[in-house]
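One chain, chain A, appears in both complexes that follow, with chain B as partner in the first and chain C in the second.
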Partner chain A sequence: MSYFFKKQLPIILASLAGVLMVAAYFLPWQPLQDIKGLMTNWIVVISAATVAMGFVYMTTAQIKMYQKNKTTLQLIYTITPYVFFTGFALSAVFYPGGSQSPEYQWWFSNIYSNVGATIYAIMYFTLASSAYRTFRVSSIEATALIAGGMIYTLRQIPLFQVYTPWIVPLGEWFLLVPNTGGGRGAVIAAALAALVVGIRTLWGKEATLEVQG
Partner chain B sequence: MLLGILADGTLQPLILLAVLVAATYNYNRKAFAGEIKADQLREIPAIAAITEGVGKSVEEGKPVHYAMGASGGQLYTQLVSMTLVSLAFLNYISKLCAKFEAKLIVHMPYQAESIPLIEAMVRDGYKSEGKEGDFQQSCLRYYGQGALSWTQAVTASYDQEGVGLNLSIGIFYSDCPISLEMAKIKGGMNVGGTGRWIMVYCFAMMCDYVFLGQEIYVAGAIVSGNPLMLAGVWIEDAGKFYSLLLLGLGLLAALLGVGAVTALFGL
Partner chain C sequence: MSNNKTIWHKLGNIDYRWLYALSLICTIIPILYPLGLPVQVSGGTIGYFDAIDKLPAGSVVAVSFGASAQLLDEQEAQFLATWKLLFQRDLKVLFYNPLQDGTLMLQTELGKQVIPASYGKVYGEDYVVLGYAPLGEAGEASMGINIRGVYTTDWKGTPLNDLPMMKDINSAKDIDLLIFVYTSCTDVEFPIRQWVTPYKTPTIIATLGCCGPMAAPYYPTQIQGFLSGSGMGTELEVYGRVPGPGAAMSDAKNIGVLPFLFFFIFGNLSYIGNRYKWGVKKQ
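Coming up: the complex of A and B.
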């Protein structure tokens, strides 16, 4: 394949698509809005079609892991995702209503949602263990962090609201002044950096898109 | 006349875009002339820590894990820039792993459309070190849709295969607290960052070395070694000066009770 088709044409197409999307943001012309809508639909189709590719990668990795560790437990780990994948797929394909059918919804509500909720709950334990490390008074920065955090947290506890009422406005001040000010500065800086990457991509000069592979 | 053509409330973003485009033209010219170099930027300790982490992984015989976030493959949202920076880091860590012969495991995001880019980055990293034969496709792990299934799979990988260095850079939501802390618990060294300010606290709490917010963009430019990406840091500064100018003008106008500036920009 020539250099033009392999490298330049994809970059030209990506830049053109990007320019059209930017134009559609600034100019309220219907033809541009129609193109934007059409391209958004393409995204959905491309995204759905590429899941099959992900499935191939997942299978490759699973087989390799089982080949390296041929134990019953590893076999169970390898087979389990496919059992559930088949279960979900069959219930969506064969029951009337597809993914809205009571059978599919049963799988979703009783298995997927519960597993998800369990993992989500674990997050709070991980936050607690990391908070212990972070809030140890080992430096001026850590001391400032724990002082701010404690005041911010204690202001929400009724006991402290009654006996130390000054903690409420102080906690609010921490929330609304240093926290919001610092946060906005960081968000603006990150947004500007994102814009710069966007312009570089539209320009066709983004290094990550030039990699040959 | 221009105001009649533009969509409502887009004048100020258009001016900002024009400022950044002009700055891009100027600094890209300087980059081509060789006037922009990485040593003009301040040192970021987390970059050096990546090499240290790869060394630690080799010494311990454990793999290097690279995570872009469960939804870190976004190529068509406003977070696409973070995906591109994450890919630059992936290329860098692939080079390091190829160079030091460390095992690399890439936990891919559920946006499967980004897989070709991810594979290209890793292959290019191995190729640039002359070790293309060392690349194994099975090091690229895909776990399907859902942040929480991704989290389960990543933490299972830490547990089963061990973790020397865990480099996590990209778009993270509620997936990062568990994956980062589990890597830490399993004895891994955490280096990472995200441009999503709302999740930066997790990285600050759980990482040994952190890229704070926009530092990922600067660090991405440094590790790429590409002059045009480095020029981006100066272009971004031009945008910051413009933002400060707006802030100053707005403050002055508010103090004087003049609403012209805010009215002009539709703020």
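Coming up: the complex of A and C.
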């Protein structure tokens, strides 16, 4: 593939799309608004296509992992996602009502929801052990982080609301004063940085777009 | 080597299995013996309730329902209480799902946990479910510009133009309140950038407990209220007088958090004791 099609054309298309979107934001000209509407709809379609791409990438990664570690256990790990994928897909395709059928709902309610909830439930134990191992008052910054986090967490627990009522206004203060002040600063800084990256991308100067070698 | 035998060292080396066992016991106790302690309502919850309560009759509420089935315990109390509040009032409710889970959860929860018909609500006239579309931020922008550009039919395949409620609802300009339900903390910026800034749409959000601190900087200027975690879901149940599952969840947290606290204290006592060599005789 030539250099133009491989590198320059994508940059030109990305820059053109970016300039059009920026122009549509600032100029109340109807044709620009129509283009903006059309392009945002395209993004939704592209997002749907990336789900299929994700499946392809997952398959590639699974095959590579099995090739590196050809054991029975790894084979089970590799096959399991596809068994469930096939089960979900077939129940959505073949049962009347598709993904709204009771059969599909059964898969969702009895497998997907419970597996997901179990993973997050296990995290509860991980969090408890990490509180033991890593939440250490080793510096002023760490102490401030722990104090803020603890007070905000305990403020949400009725037991502490009842027996230590002072924690409620203190937790609210932590959330709405230091957290808000710091958070707004971080958001503004991130927005300015994103603006710089955006301008560099539109200009074709962003490092990730540059041709290496 | 004598340091290894101090109480501080022992405190820092308790077998994790004790920690896990204690955590499990403390979570089970309140489920078996509920404490039923009262909750205090925070400003974010009051703002959330007021944003719904102050809507004039006939207002249109869009619900971007991005809750996850895996995190149901964090958000179930929030969205069930919200739906009850919406259906109790004379409002038009438009549900759409930026996550696959959302549609399936609406199927399992709407009509079973909260039954619109019991509030006198009719599908197509008082509420509509658009279903799933892989929206993200661009999709939220697209919804704001033209709802029919993203959805031509509802979740059952009925053309939107055939639904009486959708007759005059085309874009963000026709929406009086956006309720944005999400699980990825940074997603709070999606409605702010795509609904609040361009259209000044009043917006409230419902998210996980850990995402509250990222939403708080936008309250009360960009968002009029917020719920984070089952705790604030319970607060909404209490403040809005719409009982639900939140009370049981808050109860479980009451004692479930104690092992976390104890071991945090043990870990730090061990750390400080070892660091300053408390109880160790100087050579």
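One rule holds in what follows: the second predicted complex is superposed on the first by the 153 of 213 C-alpha atoms of A that agree within 3 Å, B and C clash if a C-alpha of one lies under 4 Å from a C-alpha of the other, contacts with A are read in each partner's own complex, and residues count from 1 in each chain.
Here, a residue touches a chain if its C-beta (ideal position, glycine included) is under 8 Å from a C-beta of that chain, and two chains touch if they have at least 3 such contacts.
Please read all numbers here as calculations on a predicted model, not as lab measurements.
Asker: Once chain A of both complexes is superposed, is A:V187 in touch with chain B (first), chain C (second), both, or neither?
Answerer: both
Asker: Just to be sure I read the superposition right, which of the two partners does A:N179 touch: chain B = first, chain C = second, or both, or neither?
Answerer: So A:N179 only meets chain C here.
Asker: Quick one: classify A:Y120 as touching chain B (first), chain C (second), both or neither.
Answerer: It touches chain B and chain C both.
Asker: Scan A:Y3 for contacts with chain B and chain C and give back first, second, both or neither.
Answerer: So A:Y3 meets neither chain B nor chain C here.
Asker: Thinking of the overlay built on chain A, is A:P158 touched by chain B (first), by chain C (second), by both, or by neither?
Answerer: A:P158 sits against chain C, while chain B stays out of touch.
Asker: Under the stated touch criterion, which partner chain does A:P28 make contact with: chain B (first), chain C (second), both, or neither?
Answerer: first
Asker: In the overlaid three-chain picture, which partner chain does A:V196 touch, first (chain B) or second (chain C), both, or neither?
Answerer: first
Asker: For A:Q100 in the superposed arrangement: first (chain B), second (chain C), both or neither?
Answerer: second
Asker: Using the superposition on chain A described above, determine whether A:S47 touches chain B (first), chain C (second), both, or neither.
Answerer: Once the two structures are laid over each other on A, A:S47 reaches both partners.
Asker: Residue by residue on chain A, keep only those touching chain B in one complex and chain C in the other, then list them.
Answerer: Residues 25, 43, 47, 50-51, 112, 116, 119-120, 127, 129, 131, 133, 183, 187, which sit in both footprints.
Asker: Using the touch definition up top, name the residues of chain B that touch chain A in the complex.
Answerer: 5-8, 10, 13-14, 16-17, 20-21, 24, 28, 76, 78-82, 84-85, 87-88, 91, 108, 110-113, 115-117, 119-121, 123-124, 127, 136-146, 148-149, 151-152, 156, 174, 177-178, 180-182, 184-185, 195, 197, 200, 202, 204-206, 212-214, 217-218, 224, 226, 228-229, 232, 235-236, 239-240, 243
Asker: Chain B touches which residues of chain A in the complex?
Answerer: Within the complex, chain A contacts chain B at residues 22, 25-28, 43, 46-47, 50-55, 57-58, 60-61, 63-65, 77, 81, 85, 112, 115-116, 119-120, 122-123, 126-127, 129-131, 133-134, 183, 186-190, 192-201, 203, 205-209, 211-213.
Asker: Sort out for me which residues of chain C touch chain A in the complex.
Answerer: Per the stated touch rule, the residues are 14, 16, 19-20, 23, 27, 35, 37-40, 42-43, 68-73, 103-104, 107-108, 133-136, 138-139, 141-142, 145-146, 149-150, 155-156, 189, 198, 209, 212-214, 216-217, 219, 229, 231-232, 234, 250-251, 253-257, 259-261, 263-264, 266-268, 271-272.
Asker: Please name which positions on chain A make contact with chain C in the complex.
Answerer: Residues of chain A touching chain C: 25, 33, 36-38, 40-41, 43-44, 47-48, 50-51, 99-100, 105, 108-109, 112-113, 116-117, 119-120, 124-125, 127-129, 131-133, 135-138, 150, 152-154, 156-159, 161-162, 165, 168, 172, 175-176, 179-180, 183-184, 187.
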